[in-house]
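Each of the two complexes below includes chain A, the first together with chain B, the second together with chain C.
So, the complex of A and B:
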């Protein structure tokens, strides 16, 4: 397999877009009510050590991705089994992203179109992209990040006329508990979903690159998310934010500058499309790479096509309705994802540190 | 092979939209809707005003509403197909008028579909009809405009200069409905005679408790209400004045208005402060000629305005407190924000507590201008 190297800037762009992905459009952390901005900040704070840990894994074992590291840390058999579980995780996450995308399209726009259609089109594009490899995705992200940032910040600026600061008070009316719960949920979706990157990245330009990529990507992505979510709550109020499937879309709907600049919903759609595309490609890439590693194939490219179509099917089968989808994202996902995103990585890190110390293999 | 796949993808991308594609002439573009309960049934009756563009250079628009019935809002909306052959397209709807009966029964059943459906935008203006039904509003003459809904939208966009009603968008109404310590209001429409034509006039306010309408405020009370609320309101203040033994009427034009709500503690109870700052100009002197170059007279006039507005605001507040028991001022929300520990005790029984709430109103007026004239017009023999 050819070693794919991406530059720091590309890496940061991918991480940034990945974090924004679904989180831009779906309501997250709504139980914190008017203190949601605090929950996002706390989540960023909690994510920093976790992402440092992911970066540390890359730093310790350069040239390896998560599946190699698992085998190194846990031994060949257990490593492969956990690897398979991670493949499932990436696969499932990819299906969820696809389904969210499909539900968004058919809810706000094309009600009569079967969901399969928009989903397949996005999936086929991702298939193409993943076949071309990580470098292409890196260049794509690098180019489109500026669009996403401009659009997100631009719509936030245009929404200033609709902002009502009383939506953020009273501060901590329900106490700290709902804020911490919300912060944990925001941590698992989207921030530490970046565990997927440990399966995708293996080669960096410099030894310190992983730290830079993860942390700068997290902080930039987190800040943009912070701005958007705070803005959405400022505009919609926490009650509407909570009862909307797509608060981002609803907030942008409200832009109306003198009847001249209005109906900009499509911007929210495009932003979502770009970041969702990156998120999906990364999930797909991780699934395929993982399958290839665990099953000892030389190259992952030949399983991309079947995996993609499997993912499309999965995304249709995974939920019966948008109601179920929302419940999953809000209630089940944090619990389900915590072992993948926090539990196993910590154990793995400890195992690797220990093993390296015993073998005396510490990198200089 | 690769080329074929590429071509297929291209085909999929470019033809995707056609699935939901509808020709413009198949759509009935809705501009507004009047919502009634059908008599003797539980059905809805909608009067849907559809933009029906007739060809030709001038493109005449007719404004006769389509009347449809159905068991639910959505059913009635879809039943337009049975009457017109067009499927109603709601994204451009600007006004929804709801009949008083429906509003008294609870408006939520109407609003659910309107806010759930992706096609209806949340910036549609809501009204309550003070006539016997909502349909009749759309049967009036829109004279200057082509459509009644557009006329209503025009009135709303200019309402700041005549704050005798408080316009409400769907999202704002829902926000007030779900916000703690706040009850919603809607503007009401009546039909008046103008040159022998029946025309709609927006006048007054419908007061809601939860989603049920409990009463009216007329235009003048709505005027006081807009001064009591922290929102933009300009308009005129017309004041009978007596100065130096002569009495007449002075009109003031309001250039600037800020209203601040704040909650304070007074002897273990919450006390609401409504602080209104007015910047006005003397716009019209009729019957009297006070020499406003004199500081004392100027102060007197200012004092007049302040006490008048203060009295009007107090009146509307006490009427709402006693008669409607519905916190349309959002005082509860202010207490929740500024004194959260007190709100926790009041929250469960707010509509009762609201009637007992002490409200202190303070008005401060500055006369800033007097039009083009430095002094009253002089009369000499």
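So, the complex of A and C:
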């Protein structure tokens, strides 16, 4: 398989956009109510050691992606089976992102349009991007990150006139329990979804690059998410934030400065489109790369087209309604994703460290 | 409509394989399997067959555990 090398800046941009992806529009960690800002900060803190672990795997075994590392750590047979499970995870996550995008378009804009249409258009764009490879996606992300960051921070600034600080009180009224539960949910969606990058990244410019890419990407993405979510709760209030399907969009709708600067919700749509595109492309890339690796093929590009078709079909089948979609994101996903994002990587890391120590292959 | 769907898949599949530089039989096999899988699911959806959500199993499992 041809080695695809991306620069640190490109890697950070991809991680940042991936983290923002779905999290920008869906209400996450709503059960923490007015303490959601604290839940986001705790989640960032919890994510740092997990992402350091992902970076450590790359540092220990340079030039390898998760599928190679699984075979190194667990042996060929168990490694391949676990690899297949991860292929499913990436495929499922991609289908979720695609469906969220479809629901978003149908709910806020094109009510009469069949959902298959916006989903197919985005999927075809991602198909093209994935066929071009990770380097192209890196350049795309590098260029559009500035645009996304300016738009997110700009809309947050414009919302200052609508902010009501009483929405953040009372502080810890229900105690720490809902805050920690919400923090765990925010940890699994979106922060440790970055486990997908261990399937995509394999070659870095420098040996220290994995740490920089994962951690700087996490901190920047986390801070932007913190600003956005806190702003949404300040504007909408915790009740409306919890009951809205797309609170980010709803909050931006309120921008109205002297009847001149208004109707900026289209910016929220474009931001989600860009970050969702990156997130979906990464999921598609991970699925194709994983399937090709597990089945011993030297290239992944030949299966991108049928995998995209399957992902589109799966995204339609996956939920019956937007209510089910939201329930999955809030209730089921954290439990479902935890073994993929936390359990298996920890066991794999221990296996690799032990194996390397016993073989005397420890990196200098 | 069903025939159109099959034709569209056939066209995409043949065009893609035709453009490959090396036509490895294993690659064609995997490509075909995935494409046919997608075609079957799309056709069932088109015919209005009620297909249970593939993630429903995980949902039931997680809810029964919690």
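Here is the rule we use: the second predicted complex is superposed on the first by the 364 of 364 C-alpha atoms of A that agree within 3 Å, B and C clash if a C-alpha of one lies under 4 Å from a C-alpha of the other, contacts with A are read in each partner's own complex, and residues count from 1 in each chain.
One rule holds in what follows: a residue touches a chain if its C-beta (ideal position, glycine included) is under 8 Å from a C-beta of that chain, and two chains touch if they have at least 3 such contacts.
Worth saying up front: this structure is predicted, and the values here are computed from it rather than measured.
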{"item": "Touched partner set for A:237, first chain B, second chain C, both or neither", "value": "first"}
{"item": "Chain B versus chain C as contact partner of A:316, first or second or both or neither", "value": "second"}
{"item": "Partner chain(s) touched by A:307 [first = chain B, second = chain C, both, neither]", "value": "second"}
{"item": "Touched partner set for A:253, first chain B, second chain C, both or neither", "value": "first"}
{"item": "Which of chain B and chain C A:118 touches, first, second, both or neither", "value": "first"}
{"item": "First (chain B), second (chain C), both or neither touched by A:92", "value": "second"}
{"item": "First, second, both or neither for A:335, with chain B first and chain C second", "value": "second"}
{"item": "Chain A-facing residues of chain C, complex", "value": "9, 12-13, 16, 20, 26-27, 30-31, 34-35, 37-39, 41-42, 45, 51, 53-55, 58-59, 62-63, 65-66"}
{"item": "Partner chain C, residues of chain A touching it in the complex", "value": "92, 291, 295, 297, 302-303, 305-307, 309-310, 312-314, 316-320, 328, 332, 335-336"}
{"item": "Residues of chain B defined as touching chain A within the complex", "value": "9, 12-13, 16-17, 19-20, 118, 121-123, 171, 174-175, 178-179, 333, 336-338, 340, 343"}
{"item": "For the chain A and chain B complex, residues of the former touching the latter", "value": "107-114, 117-118, 120-121, 124-125, 166, 169-170, 173, 236-237, 239-240, 243, 250, 253-254, 256"}
